[in-house]
């Protein structure tokens, strides 16, 4: 039992060869469960933080659930090699994941949400372009909070600034909700799985969608005319973290995995598998040149500055968003 | 042995009773009654601060105040009733054919044919419908090929699609109680009615339906329950337009971690199903126990 | 057989027969359930069809009612050809073997069902149902549920339900089959009286010879899809035309053997075991033919002294008592004839005269050869 | 009643009775299903219990078999007290009302079941099952499935299954109830022969008086949980001790009225309708008592001329023929007595003497008053 | 109208036509699923691009990973089998006990209890799932808080999935077995007892053999129901997904023909299972069996 590491993570964050190498080096056996943010949290909630030794939620989704359900353990920073992290990213993440003076998450992989566009079929610059009449029935977004935030930014507001003011935030979300409802007819579907969207883009059923950068670059690799674009109102930046569930049984293995993953050569392999960049200091030197090129193409200097990084989500905010999302879903 | 000679061995009978009662009670209390009590308690509290809850009707209030939720609720109920009715109408002629017209080998063959699709899971059946109906699927292509439509139409993600899927999924559970109800109808009753001057319609109304009522009600209850509680078909076939109440429950539990709200929705759904089943039983004058024996 | 049956006029008077079937046939595959059969039933009479299980009775009745159509032949009811007329247009009604009362309706609605289908006004239905129930001795039973009725009452409701439509013809398919012994005895008499009171023509199916004999004006004995004999109960009983009829109607002692002597209409039958029985020939019997003789238990006379029988001029046999079957007025004795050890059943006189017989006792019996019957070979073969 | 019944020795010889029940009682709540009942059955005899449905026959039998334990009283089998002995330890076997053959086993396994439970070796079981099937005329039927058997064959398998265990006592609960008429007649005789061949004591339950009379050495007539009379079939038939027995055993004409004259053992009964019937008194009858007279249909004599009856010294009545019930040897006629219009059934002589009677004809009938019976008030009340 | 009554030609014709349409409706989706398992294309959609067995046999490292190399899919198939076996065993055992409880014992409240046994059939599966989830986590949390006891089987995972499915499948098993036991003629047991059998012998030689068809039927239904269950499972599943949940996930991703392949595999397997069951019971499976 003590010999296994039960890892709750995203698809592509633990490629088979990396796992094999870790198992060989450390002697731990890795059990993978693939998931996404919501499922990670709800699983840990249902198990009271048991069942897994290490999880990888996004940094903005740690303190809220932790406050509510107590599903994580605080990190013992002494067991980690801090020098392996890009310092600025480590600091930013720590700040966002600190509760009651304790740190609950450390950065691993980061990326952005933006637009994926089939440039041979249409041109797009910002999120509202997805609702243009000429692409009716050929666009898609996720029915999740990033979409709301993106459209909020696109409308010229700063939703993150309103996190502390639920009322104003609610009003803003109501507006965004109306925009989305009006846009709904334009959407082919709400995607909730990246392969579903990728397939749509490949076949040309979808010409533009809100998506995270990885997917865009992946498609770009297949078809050059499909590109990931940082929208005018700003891409949304996210960081996926390492967090240790409250009833994890094998913290030693968890720390071993974290340290292992932050080794630049490993981080580079993971980054390649995920198609994103990592918080590992020095990994980007080892990164795939093509990916770097794609990144550079998608993020000119201004765009990189304009990235909106998710701050921690206070409790109660998701409820407001949830209701708006439901309304969008229900609208006809 | 239920003979009275066991009276001399009363302790034996008591022991037996206890042994038989234990698993039933464990099951019913541990997996049915207490979980629902827990659900009820959950639904009656509200979060006031992190990890601080208080008794409240807030969850139910949300349901009432947010039109979305009760719209979905009503819609789910109406669609389920509609699906049940369509299933009944579609199943009846087939059940009649199998029970009353087919004979011998034909009869068992038709019956088995009805069963076969239900040996595979709902996922598979839904997959079939998706392949058939999606924009790049079989039927739209066929329509284009036949020249009936200029371009492939998206047949998924409509209410009608959901209805087709629900009816399909429920068909067996209607056909079987109907067949057994109709089979138990003595042919000579129909002959007698006919002999006395009845015609098809009056026999159907006065003899067949009253006789088959328990079977009809049994089928309708089961189908209604399955439809109302379905998750897979509405979400997969309904796509962005599906609004099924079970989906709301799932969302609250899994994507919103809001168990309190989810529990309240669960209770509302349970209340709805109980009410409609009860009304169905009342209207048709049937008893629950008897009806369920037949399904 | 059937050809001369159809020729024999069953109708008693000159009145047009209510039911007439000519050369009706029904196959199931290669199996002839009803085989080129003709019959006539006179208006107002009680006609029974008697035969063993599976002989085709129900098939015939269902053709008359219209639930089956004959493969060939014609059926006329009240003078009208019925080919192609559906059951609900025929002036016949049927009482089903298991009655087929509608369990979802009360008694009144059952009886009124046919009238309602004819569009008779509600009040009128109510009145006529009330009348009819009174006539079948169930006044005021309208509101009872069917399952509250006893077997005999159900019977009467089923008949009332048909009779209220005043059919030309009422068909009854073993309506007493499901009742118990005492009730059946009772309903037998009641049914006879009902028919007499209504005057409707009844065609009645049964496999119980006692029912057929007691109830009917005419009885047709059916076997393998054909009529073996049609006649009054007395004709069937006393003058059976075929060995099948002789064996099926009433208990009978059967002796199979060869005709060892033929003298006018008297044949002497010698069985393989050596019993020698004289009997009246039905049809042509040649010397040496394989024949069957039938002697009714009540025809034979029992005596302690052979002299008694000799004096009466009867041929007689000696025998030992094998078994005493005391049954009050229906008591009988099983004898073993002394030479051949053939088992022979004799009814004991109702006077209780031989009540003191003992098993093993030696007795004598004899009978009038004119009251025993003997059948010619072709017919004997037929029944085998 | 029951007290003197228990005193009457049922056993014929001096041999110890195989079955003895003393003052056995069984209540269901306040209802006495079996009421202080005693009986003795002699070794090797055929004892029947005859009574209407619900009189407690099955309850009594199940107490003997051990499925029910009596509320009071004792049961001895083969001289051994049976209190507290479970059914599988009693030396009795039972043939159930619906036979209860095991449908999941073939015939051989059914018959061998009890032997197998006793741990008899397989070969031995096989041999004994084979022997037993031969004895019940089903040789080689071992491998048949139960549902391939006819009713009569099932019957024999059920009996074989019990007899193969060589029980002291075989209990049979209406074993012929489910069979049809002809088969029942046949099995009746077969059962009697089987019992004679095996010599096992049979206790036989039935509600069919003909079965009880034909089969049994002794019959107990049961009513409301008690024995009304125990005796030989002849005693029950000719000397009924209670009106219930007189009415239940054999068909009977019943005339209820008052004793208008008492002369020695002869009572004159005058009915409310005015029919005046002389009959022999059973028990004490006082002038003016409410009484019931019973006259058997075969006891009355029919005549066209009243003189015939007067000459024979019989009191006689005039009547009109209401209905002719032709049934071969069992033919009867229903008469309406002229003064009182009382319905009266008379058996027609087996000689066919009155075959030419017509409905409506005027006839006369009379009977020997000594062969009619009349019951005293207390008993008349009892049966009401 | 029934066969013995005259039916006009149009009625006969429309009966046949309707029957054909109905069965087309029933079978079309299945046929499509089966056919596209062999389509030589990356998506189960027309046009037909030729026949291939890639979706069954394709190797793990090729672009078309076939069913037999898809370890996740095979693993979930195995998970489903394991869960179904547990559910079957539990349901048949408890169902049998329940049948005897209903048919053979008398106690106060029996009527209510037997009605309650039917209740799970009218509770939507999702609600069964969430209520059991909520209750189980309450107990587990309690045990944890009070005694620091980690009751893993009460956390989402296969044991809980088994319990969740069992909670309503046992109702069906109970109904099936009770129906047969109700038709059982108790005099058969009495006869056996009367022939000298002990109580245990009566049970094993008479009662059990009689119940056997119902037990087999209940087992088959339980297995099938468990295998097909989605709603309850979805709420209780932990990290090992049974097949339905796994397929659902994949379908949302945009199905690949591997799904068709596994579906076809299931169809064949269940057809074989059903055939063996039907053969064992020549009198064609009556409606009572479902």
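By written order: A, B, C, D and E. Residues from 1 in each chain.
We adopt the following convention: contacts are C-beta pairs under 8 Å (C-beta built on N, C-alpha and C of every residue); 3 or more make two chains touch, one makes a residue touch a chain.
Nothing here was measured: the structure is a model prediction, and the numbers come from that model.
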Co-neighbours of subunit E and subunit A - touch as defined: B
More contacts between chains, A-B or C-E: A-B
Greatest separation from subunit D - chain, by CA centre: A
Where subunit D and subunit E are represented by their mean Cα positions, the distance between them in whole Å: 57
Centroid distance [mean C-alpha coordinates] between subunit D and subunit C, Å: 28
Rounded Å distance, subunit B centre to subunit E centre (Cα mean): 16
For subunit D, residues that touch 2 or more chains besides their own: 66-67, 86-87
Sequence positions of subunit B contacting 2 or more other chains: 3, 136, 191, 194, 253
In subunit E, residues with contacts to at least two other chains: 4-5, 43, 133, 190, 193, 252
Subunit D residues within the subunit E interface of the complex: 65-67, 86-89, 92-94, 96-98, 100, 102-104, 113-114, 117-118, 161-162, 165
Subunit E residues within the subunit D interface of the complex: 185, 187-188, 190-198, 201, 205-206, 209-210, 212
Subunit B residues touching subunit E - in the complex, by the definition given at the top: 1-3, 13, 16-17, 19-21, 23-24, 27-28, 31-39, 42, 90, 93-94, 97, 100-101, 103, 107-108, 110-117, 119-132, 134, 136-138, 141, 168, 171-172, 176-177, 179-180, 183, 187, 190-191, 194, 200, 203, 221-222, 225, 228-232, 236, 246, 249-250, 253, 259, 262-263, 266, 269-270, 273-274, 277, 288-289, 292-293, 295
Residues of subunit E touching subunit B in the complex: 1-5, 15, 18-19, 22-23, 25-33, 36, 43-47, 93-94, 97-98, 100-101, 104-105, 107, 113-128, 130-136, 138, 163-164, 166-167, 170, 175, 179, 186, 189-190, 193, 199, 202, 224, 227-228, 230-231, 234-235, 243-244, 247-248, 251-252, 255, 259-260, 263, 266-267, 270-271, 273-274, 278, 284-288, 290
Subunit A-touching residues of subunit B, taken from the complex the two chains share: 47, 50-51, 66, 68-69, 71-72, 135-136, 154, 157, 239-241, 243, 248, 251, 253-258
